[in-house]
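Two complexes follow with chain A in common, the first pairing it with chain B and the second with chain C.
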Partner chain A sequence: MEQDLSSKLSNIVESLPFLASEVGITALLIGIILTDLIFARRNKKYLYAMVGIGLLGDISYLTLLAEESVSKLMLFTLVQDTWSIKLRILADVCTILLTIHLYFNSDEEKSSKTKLSGEGEWMTMALGILIGAHVLTMANDFIVAILALELMSLPSYLLTAFKGDKRSVEASIKYFLFGAVATAITIYGMSILYGLTGTIDLQGISLYSKSFSVLYITGAILVMMGFVFKLGGFPMHVWVPDVYQSAPIEAVAFFSTLPKVGATVFLYRFLVETQLIDNPYISYFLLATGVISMFVGNLAALFQNGLRRLMGYSTIANAGLIIIALLNKEEIAANALFYFLWVYVIANYAMFYFIGEIEKEKGTDDLKQIEGLGWSNSAVLWGPAVILAVVSLIGLPPLAGFTAKLLIFTSLWELYNANSDLIYIIVLFLGLLNTAISLVYYLKIPFFLYKRNVKGQVQINIALSRFIIILGVLLVLTFLVPSLII
Partner chain B sequence: MSQLLLTLLVFTPIFGTFVILLLPNSLKNQFGKITIGINSFQLLIASYLMMGYEGLSEKMNGILSLDTFQYLEKSEWIVLNLGTFGRLSADYTLGVDGLSNSMILLTAIVMVIGAISSLEIKHKRRGFYALYLLLSGTIMGCFLALDFFLFYLFFEFMLLPMYFLIGIWGGKNSEYASIKFFIYTLVGSIFILVIMIALAASVIDPIATAVQLGLAESLQQVTPDIIEKVHVMLVSGEIEQSNLVRTFSLVHMMDASNYIPNAILSLDSGAMLFGTHVRFIAFLMVFIGFAIKLPVVPLHTWLPDAHVEAPTSISVVLAGILLKIGGYGMLRIAYSIFPDGAHHFAWYIALGGVISILYGAFVALGTHNLKRMIAYSSVSHMGFVMLGIASLTAEGISGAIFQMFSHGIISAALFLIAGVLYYRTGNLEIENYSGLSSKMPRYTMLATIAFFASLGLPGFSGFMAELFVFLGAFNSSAVNNLVPRWMTIVATLGLVLSAAYYLWAMQRIFLGKYYLKDEAMDEKLVDLSTRELIMLSPLAIITLVLGVYPKLLINLIEGSVTVFVEFANYVGLDYIKAIIGA
Partner chain C sequence: MLGSAFLFSIGLAIALTKRSAIVALMGVELMLNAANVNLVAFSHRDPSFGEGTAFSIFVIVIAAAEVCVALALIIRLFQHFRSVDLHKVNTLKEE
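Let's turn to the complex of A and B:
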């Protein structure tokens, strides 16, 4: 026992260099807190620069690491492989996009005068969520996974309430309660699996994966719930519209991207490493969850008049697609998920930059507010870019969203080829049917934006509109040259 | 340079879109002229290509193998690693053969005419012309693509500019019409997408696989012997899954030996769905996808709405070219990849054609709106395309292609004719007008030519096309027994009906005593302007020339059609035998 402990300790010490990225971000987080405290009365813009430079450094470090083509490495409780490295880069990109969003939305006067401007707090919490996502992409056992999940969740609850008005506090409480329940369910599931198998690491659990005992499968399903909650998939989707409606727009954009990356990676690793992916009951459960998510999201989105809620339901629908893509253990599914997440992050950020600006100008996110704005002089380029993002979310060529969906559906088809189970084809059809349904509400955005005979005027932040355009162009580029991402 | 002509054909207008978007506002009045210029350049290249097209050469007829396509351009585009499933590759492949050459020419002609017609657009011109140019590029790409992925890209991409062009610049109810158009076509293309995925999962690229296996150093060095070897290895299962290179190439999909044994869509898969072999289902799905576009009754209901609401120039493009993509897609994709399904369902397809012919004509007879009448006449005329394709005889297929070209020209003229009236008065109810011939003689003359051409009077291209279709459909029962004689006989009734509604409309609008329901219209009704004459005259001349001397077009398509018909008949029967055997 004692020797076991010492070998474990040396293992931990040896594996520390592999955590350089996470350690770096933690250092950055502490640095932000300290500088925010020390230079409390100065202009806070330099905080953005710190985060930006720090994350860019992290990205370049990870890129170098990925190019060394790390083979899969199991270290006690963490896994290091190319996939997790690439997804950590994506997580960093999400945070950079958030920083950009915050930077252009920050109130110049407020930040220089008041002590509690929010910048430092925002950055700290965002970096906290980022560390959580990083760890979750590497997690290989339940304890680490649950820690990472909580690390992502707790700051999220706070950020939801950051506007300070009654509704956002209400949404925050709702989010918190749901999140707590979801985590509790997950921990309950983990305890069941631990009780059955006596181990908490994924490979150990895999030994029992052929078991069809009800308890085992229930445990596995319960474990997944907490992560499905982060994705916003059925039946854990109830928080999505309310939080999207009330939280600060920067937080919503962030929630709709980063936690999804972490949760998706862990879910996929959980399914593959425990070999539960081969278990038909788990497959059917996931298929059902995915399909219902798509229908719930898309059908409810049809009746929304607010852009935020519309995007909220679209998130639920997309969560369904992600869940379906989890089912194939071959490389194509990993590629599909990875590509899908990238494209989803880009398109979502373009949309939320846009929605945020509209809200700032018009005061509300009502669809009616964007009537005819496409015709205003400032919109010559950002208008089409928003449309590119919308079309990418629908999944039509020539935008990356199409390739992403194509990959997911191809992966589903390969699954059918391998199992010849007709259900995969049915799900494929239902997925495509949902694309057609989603067309109706997504098209509302270009429809209102370019409404005939209405010429709206809007002056949105030029710098941010440039970022919308860049994101839109990226969606076309990644379609034309998918190798940019994969 | 000549290697890049097709790319130029597709991407010049797309490039033009960005030019228009970036030009300063002070050049607002020049956008139309720039668009006409770019489309004329496109027409110039297309004409140059057709001049150089060797229609009668035996070797360069396309259809079956990539090296027989003319002006071929091919380069690697997307390669995806699927892990143990091998690799998936989509190539950038453009080429011309007898199925596509006439459509390319048609597109180029109609796009120029449409651009001239869109000078009538007075508001939000930048957006209109940018989208219009985008549309010309994507349509061209659709006809030129020889890779399913590339084809699908252009096919879907077309919807977006079309949605905005109808929705924003259309009539009162255009938002409803444009979304209906979008959803109908999207549902169709989703069917196509499923089969595209299924095909990509079933078909390998023997050339790239040979390179992957190390049988050849590079793609260029792969000889037919090596391909043969790959096929043998494929059948015997010697190739590991991870070495297979799956492809979207339309040409590879036509060769049964490129299918992975037991893959879902291979001949020996024996997989059944609802008691029918999956290949038949697959054919049906692709076919329905294109049938919505063509359109075939009962999938046609988006068409009249879209036409009535669309601005004139967009109606011209919609009727003139977009419908043809449906017919072209059937030939290039549904019939070429699944000739077995074509045989299996020939009877129903022909019936669909006949129903379209008659139903379209009957409804046209009962409409009061000139544009709606023309829209339904399009449905009726596209029925001939279906009937011709279903017959799978050389005459029938030539007739179908001829009809597509001829209808493209004539319907463009017809919508322009309607547009002339609409531009002046904003009203297209037939009953509002009478005796226009005395007031607008030149207009009456050109309208008469268009009406007569469309109703199939000998001497115009419409007659030749329909004659070919009838010959083919009638002969079919003797050649391959696909279309029963009675259908052809019933279909001829459509000719009588179309004569009826055209002549009746003619009589009501142009003949008789000069009368307008609304006196205020009187001063607005002036005869054709020079611009309108420039648009209409070339169309009238083309339909007359082709009516008198059809060989001009037939020479272009004949060689490929022969190859196509032979392939579809013999190979189709072989496939059916293989399927039933399996």
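Let's turn to the complex of A and C:
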């Protein structure tokens, strides 16, 4: 026993250097709380800058110095492979985009008047979510996974209610009840799998993957529920439109990107490492979930007048696409998924920067408000950039969204070639049909923006409009040079 | 196993049907505790050293954190709506 304990301790000590990124972010979080407390009553925008710079440092560490570990870390609970490093970079990028959004959006007069302006709280919770996503990309164990999932969820509920008005509190309580039920279902599924296999790490569960017992499959599906909830996929999608409609715009942009990255990568790891993906019932379940969420999202989005709800339903449809992309476990399909996530993050952030600015100027996110804005003087550059983002979300060439969708559908086609199961072809055609449906509502945005004979005027924050342009250009660049990302 | 499944179903039913936000929260707690019962019961047969028990302790901690957040939200809800009845909280609708 003594020997055992000391070997465990040495294992923990050996795996610490691989966690430098997480340790750094935690230190940043504590630093933010302390600076926020010490320098009270002043304009606190520098907190955003501090976090942004810290995360840039983290990204450069991850790209330049981080190494893959040969074995599992921390007593077999964490894994560090190329995927976890790459996806942690993506998670950091999401948070940096959030800090940019907050930095240029914050109301200086208001924040200097009131003592409790919220910068410190915003950053604390955003960093909490970021740590959750980081750990979730590395999780190899149910305990770690569920802790990371909760670390992402709990600050999200609070951030939804951050404006403190009636509607956002309502959306937050709905979000919370759905989220809590989803988490409970996930934990219950994990307890069933633990009962069947006697272990809680993913490799141990793979020993039973040949089993076709009803209980085993039910347990696996229940485990996936909580992560499908984070993605906003079909059975768990009800919260999405409400939250997107009434949460602060920065929070919405953040929720639509970062938790999805974490949930996607854990779902992928769960399916591949436990070899559940070879189980036909599981793949039928995933196909059904994916296709139904695409239909629900796209069909409901057709009838929306508000930009935020429209984007909410569009994220449901995209979640369906992500779930379908999870099915192929080949290396190339994982690359497709990774590429899709990057493109999705960039395009979504461009859209939400745009929506946030429009809303600040006009007071509402109604689609009619953007009529003719594209002809205004300030829109010479950001107007086309918004269109680039929209077209990339549709998935038309010459933009990165096209490549992403093409890669995903190709991986589905390969699945059909490998298994010659007709259902993959059916799903492929349904997916293409959905792309056609989504064309209708996405094109509403450029249509209204550049409506003929109407001239609108709008004054957009110059810095943010520059960032919209940068993101739009990035979408073209990643189409031309995909190796920038992969 | 059967007992915990029973507990889980009761919890799910309560969380989905009850009108009061606090009672729905209690339903969620029941679901989490059903998972706990499962974990502790199965850890008897576990050859390795009590992973299930450790897991159940983490689940208890998670439940506590969740209740903390939920009660904060419910207080805000009560301030705005003067009620915790979920059926009255329906200002967000499809347009």
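Things worth noting here:
To be clear about the criterion, the second predicted complex is superposed on the first by the 468 of 486 C-alpha atoms of A that agree within 3 Å, B and C clash if a C-alpha of one lies under 4 Å from a C-alpha of the other, contacts with A are read in each partner's own complex, and residues count from 1 in each chain.
We take it that a residue touches a chain if its C-beta (ideal position, glycine included) is under 8 Å from a C-beta of that chain, and two chains touch if they have at least 3 such contacts.
These numbers were taken from a predicted model, which means no experiment stands behind them.
In the superposed model, A:Gln245 lies in contact with chain C only, and not with chain B. In the superposition on chain A, A:Pro235 makes contact with neither chain B nor chain C. Once the two complexes are laid over each other on the shared chain, residue contacts for A:Ile200 go to chain C alone; chain B is not touched. When the shared chain is aligned, chain C comes close enough to touch A:Asn305, but chain B does not.
By the touch criterion defined above, A:Ile185 reaches chain C but does not reach chain B.
In the superposed pair of complexes, A:Lys166 makes contact with chain C only, with no contact to chain B. In the superposition on chain A, A:Pro280 contacts neither chain B nor chain C.
In the superposition on chain A, no residue of chain A contacts both chain B and chain C. Listed in rising order, the residues of chain A touching chain C in the complex are 142-143, 146-147, 150, 154, 157-158, 161, 164-167, 169-174, 176-177, 180-181, 183-185, 187-188, 190-192, 194-195, 198-200, 241-242, 245-246, 303-306, 309. Contact residues of chain A toward chain B in the complex are 330-332, 334-335, 375, 380-381, 384, 391, 396-398, 402-403, 406-407, 409-410, 413-414, 416-417, 420, 428-429, 432-433, 435-436, 439-440, 443, 446-447, 450, 452, 482-483, 486. Contact residues of chain B toward chain A in the complex are 21, 78-85, 88, 124, 126-127, 152-153, 156-157, 159-160, 163-164, 167-169, 174-175, 179, 182-183, 186-187, 190, 193-194, 197-198, 200-201, 263-264, 271.
Interface of chain C with chain A (complex): residues 1, 4, 8, 11-12, 15-16, 21, 24-25, 28, 31-32, 34-36, 38-39, 41-42, 45-48, 51-52, 54-55, 58-59, 62, 65-66, 69-70, 72-74, 76-77, 80-81, 86, 89-92, 94-95.
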